[in-house]
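Listed below are the structures to be examined.
Both of the next two complexes hold subunit A, though its partner changes from subunit B to subunit C.
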Partner chain A sequence: MIEKTVYLDNAAATRMDEKVLEAMKPYFFETYPVATSEFGYSLGIEAREALEKARKEIASHIGADGEEFIFTSGSTESSNLALKGVALALGEKKGRHIIVSSIEDFPVLHSAKTLEKQGFSVTYLDVDNEGLVDPDRLRDAVTDETILVSIQHANQEIGTVQDIETIGSICHDKGVLFHTDATHTFTRVPLDSQKVEVDLITVSPHTIHGPKGIGGLYIRKGTPISKWMDGGFQEFNLRAGLENIPGAIGFARAVELITLEETERIKKMRDHLIGRVSAEVSETTLNGHRSKRVPQNANITFHSVEGESVTLHLDMRGFAVSTGSACFSRSLEASHVIRGIGGDHERAHGSIRFTFSRYNTMEEVDAVIDAITEVVNQLRIISPLSKNKEVGK
Partner chain B sequence: MTFPYSDKVLEHFKNPRNVGKIENPDGHAMEGSPACGDMVGVHINVDPKTKRITDIKFESYGCASNIATGSIITELAKGKTIEEAKKISWKEASDALGGLPPIKSHCSVLAVEGLRSAIHNYEELHGLVKEQKPTTVEILRKRLKKVMNPLSGLDLVQTELVKDITLDKGVVHIDVDLPADHQFATNIREEIRDKIEPLWDVETVEVQFLK
Partner chain C sequence: MADIKIDVRGETCPVPLVETRKALRKASPGDIVEIIGTHTASKKEIPMALKAMGIEGADIQQEGDVWKIRIGV
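Here is the complex of A and B:
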């Protein structure tokens, strides 16, 4: 019997690890000043050194130097800076065309839309029905005016992992900058900036048991990018504002705590859920790619039922999951991702996302499968769309 | 635990009353569409003498407020005469549920419409529609207000997608300001037909996409 809430919405935010908090604490109560220059006072110098150490450690996980990594307030800001910063730097000099995939998360998608309003042209590349960008179509979409391609490493809802090696080399062959949002892959799926021809990478610790309110952007040396938030000279004069040193320390500690074994364990829970649901529940569709998929994500449509009803029933039984249904979202719009992979509205409304973490157990996975089987059965009985009133196959 | 609904809504959501269909019902209707993410079907049996609703069942594909409203509406309507039942408003249903979030009014108003449409269907089938008014463009426009554009979740009239409506000897022609290869063109055409065809003096419905 499981007593506490079973939290399976880890793509949205994770429970912070106590070890992360322990690492952060001294930077609230002891080494609390701002990071000063090397000619500042001792405490400020210590703060700066800790910040630079954290920066180096995180950057090394993507094969980068500390000078290639800046801290931001989160992945939203990172992606905003990547798109708008490059647009600001190259819009006049080189061109005003940007390419993004149609299933990007909102920071990229909405930054692109904002740039469009300012006179940039944007190509929204369609993806196939598993969520993959076609490299040939990308190649064809690049024009002399193109300055930046932004294609996510993995999708926030369906977990499909893009072939960013190929995408990166196409971009560099064409002389175009490449940004990738790696919020949902960082530390779980390898990404080495020495091997992949990528210029900008968005990362964040909120998905890996780190703190909220801090993120990072990898910027390859020499990448033209303009500062757009004005203030002081922090973060190599690219991002003004007081450094969030406890956040940075927590970020580095969170990265350090991720292990391959843990990722494997999470993947097993994911595979177990997909396997049992597809064997035991009728009329389901796995959304996203079967194998090119982040280890922590399962996204399944339970046909003929509406997602908000499913999540509420599960919530009342102590399970937290999310859905692509319009009724669940703040915008009251059905998931653009499920629609982007060719799903109709019914498929989006019935999609349930389960995302796993360090703190989940196989027992919890079995419990959520049992619960959702019951809930879906119950809802199908009253659904006019359901011909099949029994869940069992 | 913190839930976004009243206890009464949650109770009806968990244990919806009068669920399912009636075999050979005296009247029935379906409102909403899978595209909008909300559908309510209502089946009724009516005592021919007293005109009281003797049995009522509902089906729902939708969110919690949709299910709960469907459930409460069956309780409110059962035993009432069809004239009384027609007057049940969304406000009454919402009050009986201890209040619904305003943002969910679109999902929950469907059940109220479903009940009214089922009663209307009963009246049509049993020759109770007193005066059969000839269909007018205004009546057509009113019905088109129930056809949603799934992309925006708003109706075709409100979003000014209906460019022209003509009516000639039972042939209704509607121009829709969307491309024929629009993602939901087929869906929208079917929904338009669904709403217009039951009108007694309409024989064919032509839907033309203008772009």
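Here is the complex of A and C:
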């Protein structure tokens, strides 16, 4: 077996940075108590101060104050709280209509479906063939009953970055709250809550070499939102449960370690892969927008092959990538994102997502391109799906 | 040393290869992994994957619609 895996599934989870672990360690073994108020013991006060410092640091990266940012267990919980919390706060007072895009990640999509079962009406806004929401269609979809629009900053599979400045201003012009899931853009694509009219932002460090099991939700001051999990009074009485202080410290450290230079280096790897594959492999389609896409994502359909077969063969050669094909995903359905941008099942089944990180190199990118070219070549020869046995351009 | 037998008759791509990978992950040096299947493409695909993993010399036999691949780990 190949000893070292070239890991290119960084949209799913990243390798944690040792510096993050070092920052977290004291909060497991030294300053380990729960965060206490100034009336508590000193070690608990130290824990509280560290938590608040981490909160402020992370919030400042989206132009927010510490009081506008709460810690959660991850992106899933953040988006659940955003949708269900606003629905709880405004459902009886203002209206019961929510708008989401059809290619949202599951936390938003499934929260919307749960609310639908509870009597809310939901508009699933279609996107164009590059994954972009049409602002005019959004404007038309808002009604007097609309309480919230939730449209992701960037897509989890195809990496398309939405024009959230325009979307936010439409929402606020119409008097509607706006939530965006920024899991795949946070620190990689600028997002300033002072400039964008956004009320709620989901973020997580698991995509930026931080720990898993912690996430965050930006909540603009004055946003009506109710807690949906009962317990103590933590996180401004919005998120009950013992604070994950090591996680929060690791989250802040992960944010601090991201640099523009690193993001540029990652973007070059993405562009190199897209460029070489489109030049060297026949019958491919780039999924998502060519330029309005996150720096770390390349998603390409290799027609006439099954994504699962490609991922398996790449795995056996030491490369980890993901596919929008059915069996790979736990939903057992072909990617709703590829179908959402107008792709058929064949396009979804042959889609491969490569996502890059701090720990990838250009040599690894070249190696995966060589490997996938060979794998696709061989699979097309034996594939019953393939009409064209000629592979190279 | 053990013989690990996998029966993937009636299964199509990529299941035979998934099962082969699973068996190879569990196998110890000296074990024999034997896969029995019927899907034509898998008969070609499995040796291709083995070669990429540096496993040479798989024994491939065909009897009627059924193929058998024996791999020495």
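Please note the rule applied: the second predicted complex is superposed on the first by the 390 of 393 C-alpha atoms of A that agree within 3 Å, B and C clash if a C-alpha of one lies under 4 Å from a C-alpha of the other, contacts with A are read in each partner's own complex, and residues count from 1 in each chain.
Just so it is clear, contacts are C-beta pairs under 8 Å (C-beta built on N, C-alpha and C of every residue); 3 or more make two chains touch, one makes a residue touch a chain.
The shown structure was predicted, so the numbers you read here are calculated from the model rather than taken from an experiment.
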item	value
Combined model on subunit A: subunit C and subunit B, fit or clash	clash
Which of subunit B and subunit C A:H349 touches, first, second, both or neither	first
Touched partner set for A:R317, first subunit B, second subunit C, both or neither	second
Partner chain in contact with A:R239 - subunit B first, subunit C second, else both or neither	neither
Which of subunit B and subunit C A:H97 touches, first, second, both or neither	neither
Partner chain(s) touched by A:H209 [first = subunit B, second = subunit C, both, neither]	neither
Larger contact residue set on subunit A - subunit B or subunit C	B
Which superposed partner A:A334 touches (first subunit B, second subunit C, both, neither)	first
Partner chain(s) touched by A:S304 [first = subunit B, second = subunit C, both, neither]	first
Touching partner for A:H184 - first (subunit B), second (subunit C), both, neither	neither
Common interface positions of subunit A, toward subunit B and toward subunit C	306, 308-309, 312-313, 315-316, 327, 382-384
Residues on subunit C engaged by subunit A in the complex (per definition of touch)	13-14, 17-18, 21, 24, 41, 44-45, 48-49, 52-53
Footprint of subunit C on subunit A - complex, ascending	1-2, 306, 308-309, 312-313, 315-317, 327, 378-379, 382-384
Subunit A-touching residues of subunit B, taken from the complex the two chains share	1, 3, 5, 10, 13-14, 16, 19-20, 30, 34-39, 41, 58-64, 66-67, 103-104, 107, 150, 153, 183
Residue ranges of subunit A in contact with subunit B within the complex	304-306, 308-309, 312-313, 315-316, 325-328, 332-334, 339, 344-346, 349, 381-386
